[in-house]
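Structures follow.
Shared chain: chain A. Partners: chain B in the first complex, chain C in the second.
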Partner chain A sequence: MSVYAYLVAVFVLLVGAFGIVRSRNLVHAVVCLSIAQSGTYILLLAVGYQSKATPPVFGSPATKPTKAVAEPLVQAMALTDIVVSATVTALLLAIAVQIHKRHNTVDPNELAALRG
Partner chain B sequence: MTRTARLLMFAVAGGLVAALLVLGVLDLPDFGASDHPYRDAAVPAAVLHKTSNVISSINFDLRALDTLGEETILLASVIGVTVLLRPASDEHEHESISGSGRLLDSTKLMGYVFLPITLMIGFLTIAHGAVTPGGGFQGGVVLGTGIHLLYVAGSYRALERARPVGVAELGEAIGAGAFACVGIAGALAAGAFLVNSLPLGAFGDLFSSGTVLLLSCAVGIEVASGVVVLLAQFLHQTVEVTEEHGQ
Partner chain C sequence: MLSYDDTVSLLPALAVAVPIVAACVLLMIGRRAPRPLVDGIAAATSAGVVAMLAVLLAHAGNGRVINWVGRWHPKNGYSVGIVLVGDEVGAGVALLAACLVLLALIYSWRYFEGVEAHYHCLMLLFLAGMVGFALTGDLFDMFVFFELMGAAAYALTGFKVEDATAVQGALNFGIINSLGAYIGLIGIGALFARVGNLTLPQLHEALAKHPPDALIVASFVAVLTAFLVKGAMVPFHFWLADAHAVAPTPVCVLFSGVMVPLGVYAVFRVYWLVFADVLPGSAVRRTFIVLGALTAVIGAVMCFAQRHFKRLLAYSTIAHVGLFLVAAGCLTESGTAGALLYVAGHAGVKSALFLLAGVMLNRYGSVDEIDLFGRGRDTRLTKWLFVIGGLALAGLPPFGTALGKAVGEEAGLSSGYEWVPVLFVAVSAVTGGAVLRVTGRVYFGLGDPPRPSDRSTSGSQEETEVPRLLPRVRITMLVPILVLLLGALALGVLPGAHEAAERAAGHFIDSAAYAKEALSGVAVHAAAVPPVGNWTLSGVLLGLLSAGLAVLCAAGALYSRRVGVWERATRGLDRGVDGLRALHSGHVGDYVAWLMTGMVALGAFVGIPLR
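Our next item is the complex of A and B:
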């Protein structure tokens, strides 16, 4: 039971990868990549979780700092991870738009030939 | 490569990756255990710098150099999207947009009611990044997407008037530059890049934690501008650009 949360992260990562492999649409592939990336958020937050711990924010007005808080390092990493993932998704979608303009298709199976 | 071959390959590779990950995961500390060495180091360091939000302290103080890197990724993506989606030589932009379509009055009302509230929450989240949950990244996203309530509530034209893409492009550069400048100022004042050299204030106050507030604002400006520029490129693409020899 204690590894259950980690296994969820592994499962989400692999489901996302599977989605990319059998994708027939580039937009679908980009969404699958986002799902695979969500696996990393789950893993990060699961590593930092502590039972009955409070969030690592001591607030305003300030409460007395305590060490019984969830791991703040992985939360900071998940936070930047999400922002970067969102912008990279935007970049990939822009590439998908360009591919559709140039090749008139978004099916990766039909994108076999290189074209200048 | 055929689909079947690709799926077979994934079955082999995915199976191996799954086995490796499961093996690795089994050796991790128990879920919910109380052994967190990084936490034990980060919380006292944040308290020392009078930052009551430990996550902000890590992002904008203890590991601010990492955030500079993340910010550069953000900047690079925004530039990439702008370059990729600029109208090509065989496309043209058209000005007139036929009718704004049907819009429920309730949608319009909710949009206009929530627009100022959302923008205010965005500013608050950025400004209180050092003391309460939030910070530049979260507040910037709220701010950047909040202004697009105009698109939901009104029309593309209203959004275009209220959303200065030129200013957002400047803001993107200023946000990224300000982060580096705060870092260089720290290097000049205290001898190390991005060192927290400002007066720290009192624990839990709005103006506490030295450079964390400044860096949070810089990131907030950059993320908000980035979201506005990104969405502007995509909206422009769907609404205004058509192929000359298309339909």
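Our next item is the complex of A and C:
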């Protein structure tokens, strides 16, 4: 696998983080967080990828594969990662809605309840 | 039919699964069930987990309890399965988490009256996450449990959804912790790419033969960043004060008592098992000690500068985790033992103080030191509990905090850092002094009437957790406080506590034995530890010194206008503190910028000496 996929993964993570730093809207910040997480999906899938490999699906009873197969472990991890992302994003968006109700703004620059 | 040993080896998995199942049951019946039944199920479940983990801990003394989940046992030292390992430190930390959850649930029994079963459900999920995080022997599972306890913790922080500060604190907490976790996951993915496996024992075996190249350093820094965010080290610590100040009191107990120390636990679990043989110890030791000392100093200064009592306790937690990192960061057996004792003692004392903050909030409707001046003078027992808590936090012997502090100081000295005892005494004295200052003001009406100031977050907007302010402290609130303080006392008084900690620390850092035992199932017998007593003369004296200094700090702050020297000395300091305060802006973007800066600094610290 070429090194570009890894660079893209790290780039996406950093772009997401930069988006949170510059964010003027908490919904935007939460979406940036899930963009940062997309970097981890790319990385995990890149780790397991092999060119011209088949998907890791075996017959039953399992026969020994004749061709190279993609790494199934990282795919399982990416799936788990997506589940985690869905939970966290949903929760944080719900909190952002609640912040809008209480503070009448979703701009982090205008939230001044916690200081010092 | 399962044999006894098979049953024991199931315990790590059961301790994670039982609270999750109970949480699901509570979600199903919670709408219709009466509150006492919900309380009963939640408390009984956590009591059951306490019992299971106590048995596990007793067995871990004779050798690690290994459970390859789903019987994916390794063949020829290789397995794609995942493993749970109960060693003394892992089982001990998990047991601490379960005990604190049980006490927090008892405390909430008659106190948190408005809540429905969601609260109990989240507490049990949080417990499952913490137990799993402590017992897992798999790096990817550490990420999953990190996020499980994270998600439960974010929801619990924002539990008072009507409270404007609570939702803001929860969002900051959620974004910073999740971003930290994803950075850690990048590191985990990079390690998988190098090794093709993610169980800690197999990583240990595979990496032991590698030279330290850029990929390994980068993945170390990334994984470390995730756990240091959880462990609230400067500059990854900003979320902690925001989250602690706003979370319901029983939840703060779990955050400060065990969740934040779990971050430190994970740092050293992963360091010892995966990176200790690859990266040179001297560069890593320097990184840990510098980071820990910086955290301790900033935490202590910010702690003394607060007027919101829960926020003050939160900064005191930051200061203390800094000390844990210094102690364990010596990378010796006695340093690790000191950190273990200190974590346990601190959990008891700090949790008791948070529960006392809950008592304050729900009797007077505020946790603000300045608003409440002299309000608590008529209490009889509570004020003395505050005094005991403050002194114990400062490290008054024979509390467990003092024992951990003494062992940590010794370890620092024997690793060649002469300034470590000074740091420990100063940080304990300042944080303990801050608690005593609040106690003096609120419960004894001591000192000059304070001037109002709006430089830091005030504690008067905190939403109470009872429908009407309490006329007196309830027994279900008092018992957990007493149990926690007595537990911290017992840790220092019981003979053999230090020796047991040394033994546990010895097993914790013996990663070759861990890997061999997990992969082959053959118990490895470690060398016996020479018997050590709990207390040394210097330890007791330094403990008394820091407690005395704490009283002086409190008195100086209370009567600052009468003591000219104190006022002049603090005026210059105040300006610096204001600069530090301005950094704690409550702005999530700033916090992320600090997180990235910290990660780069960490990389420089670890990577540059390797060139």
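Going forward, the second predicted complex is superposed on the first by the 103 of 116 C-alpha atoms of A that agree within 3 Å, B and C clash if a C-alpha of one lies under 4 Å from a C-alpha of the other, contacts with A are read in each partner's own complex, and residues count from 1 in each chain.
Operating definition for what follows: contacts are C-beta pairs under 8 Å (C-beta built on N, C-alpha and C of every residue); 3 or more make two chains touch, one makes a residue touch a chain.
These numbers come from a predicted model, not from an experiment.
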Look at A:Ala5 in the shared chain and tell me whether it touches chain B only, chain C only, both, or neither; answer first, second, both or neither. first
Under the stated touch criterion, which partner chain does A:Ala17 make contact with: chain B (first), chain C (second), both, or neither? both
Going by the touch definition up top, name the partner, chain B or chain C, that contacts more of chain A. B
Figure out whether A:Val88 sits in contact with chain B (first) or chain C (second), or with both, or with neither. both
Figure out whether A:Ala29 sits in contact with chain B (first) or chain C (second), or with both, or with neither. second
Could you say whether A:Leu73 touches chain B, chain C, both of them, or neither, answering first, second, both or neither? both
Using the superposition on chain A described above, determine whether A:His103 touches chain B (first), chain C (second), both, or neither. second
Contact residues common to both interfaces of chain A (with chain B and with chain C): 9-10, 13-14, 17, 21-22, 47, 73, 80, 84, 87-88, 91, 95, 98, 109
Tell me, which parts of chain C touch chain A in their complex? 80, 140, 144, 147, 150-151, 154-155, 158, 161-165, 167-172, 174-175, 178-179, 182-183, 185-186, 189-190, 192-193, 198, 241-242, 245-246, 305-306, 455-457, 461, 581-582, 584-590, 592-593, 595-596
Enumerate the contact residues on chain A facing chain C in the complex. 9-10, 13-14, 16-17, 20-23, 26, 29-30, 33, 36-37, 39-40, 43-44, 47, 73-74, 77, 80-81, 84, 87-88, 91-92, 95-96, 98-99, 102-103, 108-109, 111-116
For the complex, give me every residue of chain B touching chain A. 3, 6-7, 10, 14, 17-18, 21-22, 25-26, 28-34, 36, 38-40, 42-43, 46-47, 52-55, 57-59, 63, 66-67, 70, 73-74, 77-78, 80-81, 84-85, 88, 128, 131-133, 135, 137-138, 141, 203-206, 223, 226, 230, 233-234, 237, 243
So in the complex, the part of chain A that touches chain B is made up of which residues? 1-7, 9-10, 13-14, 17-18, 21-22, 46-51, 53, 55-62, 65-73, 75-76, 79-80, 82-84, 86-88, 90-91, 93-95, 97-98, 101, 109
